[in-house]
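One chain, chain A, appears in both complexes that follow, with chain B as partner in the first and chain C in the second.
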Partner chain A sequence: MSVLLAILWKDLVTEWRSRDRIAAMLLFSLLVVMVFHFSLPGGVTKQTQASAPGLLWIAYVFAALLGLNRSFSIELENDALAGIALSPVDRGWIFLGKTAANWAILGAAQAITACVFALVFDLALAAVALRLALVVGLGSLGLCSVGTLFAAVAVRTRFREVMLPLLLLPLLVPVLLGAVRATTGLIETGALAWAPVQLLLVTDAIYLIVSFLVFDYVLDE
Partner chain B sequence: MPPVPAASSWIRRSLLPSGLALAGLALLWILLVARAPVDGMQGVIQKILYVHVPCAFAAYAGFGVTALCSALYLWSNDERYDRLAAASAEVGVLFCTLVILTGPIWAKGTWGHWWAWDPRLTVTLLLWFIYLAYLLLRSFTEGSARTARFAAVYGIAGVFAIPLNYFAIELFGGAAMHPDNLERGSLGAGMGWAFLVGVLTGLAAFVHLLLLRTDLEALRAETAEVEPTSGR
Partner chain C sequence: MSGPALRASGLGKRFGRSVALDGVDLELPEGASLAVLGPNGAGKSTLLRLIAGLARPTSGSLLIAGTPAHHPAARARVGFIGHASLLYASLSARENLLFAARLQRVPEAAARVAGWLEAAGLARVGELPVSHFSRGMSQRLAIARGLVHDPSLLLLDEPFAGLDPRAASRLAAQLASLRAAGRTLLLVTHDPRRAAEQCDRAIVLAAGRVAYAGRGDQAGAEALERAVLAASDAA
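What follows is the complex of A and B.
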């Protein structure tokens, strides 16, 4: 547990001092929102509002891919990853620490993106803000769990930027389906549907446990 | 590093029998399919069943073997499991490609569309993506032990993703178009044997290709051992 907190603290402090990851993710997802706005015909209509949850999650996934790659590429500088791998602790906790840090940093970028998204697409998100935060938090947890595991794999391959989305996107289908359905339900009715949340909970739990167990083999140098 | 086993002799010795079994079954299969009755409703296009479903079984077998051997590799650190996993993924992707190619031909004739987002179809497509990514990961990773470890981790994650994908898509995806099961009686008279032999032929083809591919991988490892500078 202390390992988790130490890694989390280290990543957050590094991020706070440079603020480069959050800036890049935020700028990128805002750009994606802008591009969506102009690529959809006829401005804000009922139709664009109906597809808004899907678009929001696409922006989130793109931003997450950017941040996840960075979370391990900074560890490659000065061989920091080898140092982490050599420390005599259970590596599952290192994984959880990294995941928690990614989740927190992604969450900050997501919150701001959601505000801008609500303005651009004229969605009343403020009324469901808390429940939306729950859905986004659950979705991002699944995203960050397998995301962190395979970011650690992808940064040590050739074509590292290409490898992560290729590995990750087929695994993220259940997470995205659950998250988009839950978000759609929230925006349309204001109520949280149980089925997609249940799907998110199950997927998060399975991905977290599997990643926790196999992370040992990913770091093994 | 554990010593590389001498050219996995049992694999090489079983190549001839497996090849003969495949040839015999294929011959019988062709005869049975040619003699099987033409479906009253769908017409002759229904005969694609005898290719489509056996390929699907072979593809699923391939991915199952990959996942199992990935887990065994991580557990035992024995390179032979890694070679088997890699070979099985490649053969699985081959059969999966055949399933995805034969499916739309059949679908256009009977459902009227080339493609429908039916749960089983979507999951097979995702399976194909997962194992293509697995093969790409193998070819983009340097160092054989690291390749084996990374691939094994992805192979295991992939096998957990499949039931989740199926569950998710069944919950929210399109309506099911595939028949639920193939219980006794869902095939017309004279179709059962052709189907059964088709499945056996598909599995024999899978086993034979898997053995060939694993043997190749073993030879490659042996070459790398003899000539360390020219190896990958």
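What follows is the complex of A and C.
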């Protein structure tokens, strides 16, 4: 647990000082929102509002891909990744520390993006803010857990910026299914649909457990 | 379990088709110091990273005090000072050491870190980001980082590279005091004279195999130098 907290602390402090990851994620996700807004015909209609949850999650996934790539590329400077791998603990704790940091940084970018998104698409998200935060939190946990695992795999490959989306996107299908359906239900009815939340819970649990177990091999050179 | 500080039997490591190490046998008692020499690509750094538990052997066995090198308990015994500093440029010297101490689960980390900063002569600049440090200062901090958990086996990968003469002599003195304190040292270097100064035994690697094993002290310096030249010519 102390190793998890140490890595979380280190990642948040380094990010707070540079702010390069969150700035890139935020800028990118806001650009995606604006591009969608201007590319949809007829301005904000019932039809565009119906597709809003899918668009929101596309923006979140693009932002996450940027952040996940960066989360391990900073560990290559001065071979810092080796310094982490030398820790005398099960390396699954290192995975959990990196996942927690990615989740927190992505969460900050998502909160701001959601506010802008609500304004641009004229959605009343304030009334369902807490339930939406739960759905976004669960969806992001699945995204960050499997994303952290594959970012660690991709970071040592020659084309890591391309490799990460290729490895990750197919595995995000259940996460996106659950997250988009739960978000759609919230926006349309204001109620939390249990079935997509269950899908998110099960996917998160599987991704977290499997990633925890295999991370030891991923860090091997 | 216990045993010699380090025992490698038939140790091999491949990266795809490329053979980095091939059947290396090695035994190092507690408190001994071993220099590993050889031309570029001979497998020196790979050997060090296998011992540190950063990679798994493809064949053979590797034990640290009787425990497989890849086991967390073995990693707790090892201090690693690599080519690179393992430091974060945006963190201060104190934060870097504190992070390393927490990773190593060092009790009373803050107090230990203060002691190591003092010992490295960096207490005055402890709050400065590492990005402001010279190569010599970074190297002193990297060594403190490798020692922060009081490891019994210290692995050093060309620690003298890029240091000015003053910083190099300071590092040499520090290594001598670590040997005097009974630590086991494994030093990768290109310099046979440095090996003779710092170590009591030496091996020369060539194409992943042990081409020479003998004394690393002044008495064996000539034979060692000849072995290094022969390995370089063969490469």
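Here is the rule we use: the second predicted complex is superposed on the first by the 221 of 221 C-alpha atoms of A that agree within 3 Å, B and C clash if a C-alpha of one lies under 4 Å from a C-alpha of the other, contacts with A are read in each partner's own complex, and residues count from 1 in each chain.
Following the convention adopted for this analysis, contacts are C-beta pairs under 8 Å (C-beta built on N, C-alpha and C of every residue); 3 or more make two chains touch, one makes a residue touch a chain.
Since the structure is predicted, the reported quantities are computational estimates derived from the model, not experimental observations.
Chemist: Should A:Ile206 be classified as contacting the first partner (chain B), the second (chain C), both, or neither?
Modeler: After superposing on A, A:Ile206 lies in contact with chain B but is clear of chain C.
Chemist: Regarding the shared-chain residue A:Arg17, is it in contact with chain B (first), chain C (second), both, or neither?
Modeler: A:Arg17 sits against chain C, while chain B stays out of touch.
Chemist: Name the contact category of A:Ser39: first (chain B only), second (chain C only), both, or neither.
Modeler: Neither partner.
Chemist: Thinking of the overlay built on chain A, is A:Leu166 touched by chain B (first), by chain C (second), by both, or by neither?
Modeler: A:Leu166 sits against chain B, while chain C stays out of touch.
Chemist: Mind working out whether A:Ala6 is in touch with chain B, chain C, both or neither, as first, second, both or neither?
Modeler: A:Ala6: touches chain C, not chain B.
Chemist: Overlap the chain B and chain C contact sets on chain A and report the shared residues.
Modeler: 220
Chemist: Per the contact definition, I'd like the list of chain C residues that touch chain A in the complex.
Modeler: 49, 52-56, 72-76, 78, 80, 82-91, 95, 99-100, 102-105, 145
Chemist: Taking the complex as given, what residues does chain A use to touch chain B?
Modeler: Answer in residue numbers: 146, 149-150, 153, 156-159, 163, 166-167, 169-171, 173-174, 177-178, 181, 195-196, 199, 202-203, 206-207, 210-211, 214, 217-218, 220.
Chemist: Contact residues on chain B for chain A in the complex?
Modeler: Result: residues 74, 126, 129-130, 133, 136-137, 140-142, 146, 149-150, 152-154, 156-158, 160-161, 164-165, 167-169, 171-173 of chain B touch chain A.
Chemist: For a test of understanding, state which residues of chain A touch chain C in their complex under the given definition.
Modeler: 2-3, 5-7, 9-10, 13-14, 17-18, 74, 77-80, 82-90, 220-221
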